[in-house]
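Can you read through this structure? Questions will come right after.
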């Protein structure tokens, strides 16, 4: 899964039926140190995340798992809201 | 899903049977600020999007969901036309 | 789908049984303006494309759709030959 | 599969039911020479890997294989801990 | 599929049961001119490829096709060894 931050949403009246009723949130990917990285994408959501929240999303076929019955044509779904990132001390790279 | 803009189409008489009757649109990916990014790709379409329209497309297995019965060999399908992008104020990156 | 040009082929006697009888073509990805981009990949083919032809290919699970019965372990298949690329005038990026 | 190192974990109370009880580890991708590369991601885990361990993870649909019954919406799962990386002498690039 | 060269292997006693008995080879991706590109990955193998051999591998769901019965959690599998790369003369980029 990837870390990201909810930065907006998309209004879209003309869309595939499978997306009806789905929230379409704009998510900006972030690194573990919360700096921005890569381009914003559009995610469906199954957590109720709000604007500005730190979340993680899943890509590909798994993105439709949370909507198991309906065939939601989504390749990116927010599956969790981050309470806390727990990072160990940065390591030297050499040893196995 | 990814944001993009329809910039053209492909004429192709020799193609897999599963693509017969499908519109093959050329889509230029764009960022949330509508600047261009990455290379143009070819999408099938289930929304009737026209040239110049701002759309969002889905990749991978989900790209064939909108055509559930037929096995359309497509890995990128336009699933919605954007009415409006609603972006919150850009955030400082530090806090969780 | 991605645009590309057939630039060669691979001879391979030791390979997975599922690839027996499949053409293994080397494809150089190109942009919509036909300039080269990214690294060449190996595609199976279901169109009979020849060397130098402009084609489009599909990635992932959909790459095995054209061979529906056999389980061809391919993640990239040429699914069409381009007759013509029809590109609208390049747009200014601002407006929706 | 990709090489990586466990560098932390995520605490997340609001998440998809399918992730209940799953460890959510932060993994920093590394190259074969153990130098860092790319951005950290979040992986589910089926090996009990600890912080600092060198692991390899699998992406996409296969990431849910280890949890075959439950539909775990994960696109990245740690599937092994590295005991030893056995690298041959670097080769000159020309010959086939 | 992608071109690559076998450069080593991984010893791993703690791993998912589905990987038991599988060779875990380290593969360095290469371009069509055999120059190195991108970072090394770990592949399962169904061809018996040896160190230094030029191979091609498949990603994603198709990577588990060669092991059809067992659910091998692999997203990259070597599916063929290259005998010969047959590249046409490099083309000028303009014409269709």
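As written, the chains take the letters A, B, C, D and E, and residue 1 is the first residue of each chain.
One rule holds for everything that comes next: contacts are C-beta pairs under 8 Å (C-beta built on N, C-alpha and C of every residue); 3 or more make two chains touch, one makes a residue touch a chain.
The chain list, named the UniProt way, goes like this: A, B, C, D, E = EutN/CcmL family microcompartment protein.
From a predicted model like this one, the values you see are computed outputs, not experimental measurements.
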Item to check | Between chain A and chain D, the fewest steps along chains that touch one another | outcome: 1
Checklist entry - Which number of steps is the smallest that gets you from chain A over to chain E via touching chains? => result 2
Checklist entry - Is it true that over half of the residue numbers where chain B touches chain C are used by both copies, so same, or is it different? => result different
Next on the checklist: Nearest whole angstrom, what separates the Cα centre of chain B from the Cα centre of chain E?
Outcome noted: 30
Checklist outcome for this item: Taking each chain's centre as the mean of its CA atoms, chain D sits from chain E at a distance in Å of 18
Item to check | Touching two or more other chains - residues of chain A | outcome: 59-61, 63, 82, 84-85
Checklist entry - Touch graph across the chains, line, ring, star, complete or other? => result ring
Checklist entry - Starting from chain A and stepping next to chain B, in what order do the chains sit around the ring? => result A, B, C, E, D
Checklist outcome for this item: Per the touch rule, the chain A residues reaching chain B in their complex are 5, 7-16, 18-19, 24, 26, 28, 30, 34-36, 39-43, 51-52, 54, 59-61, 63-64, 71-76, 82, 84-85
Item to check | Residue ranges of chain B touching chain A (in the complex, touch as defined) | outcome: 1-3, 29, 31-32, 37-38, 46-49, 56, 58-63, 65-66, 68, 77, 79-88, 90-91, 93-96
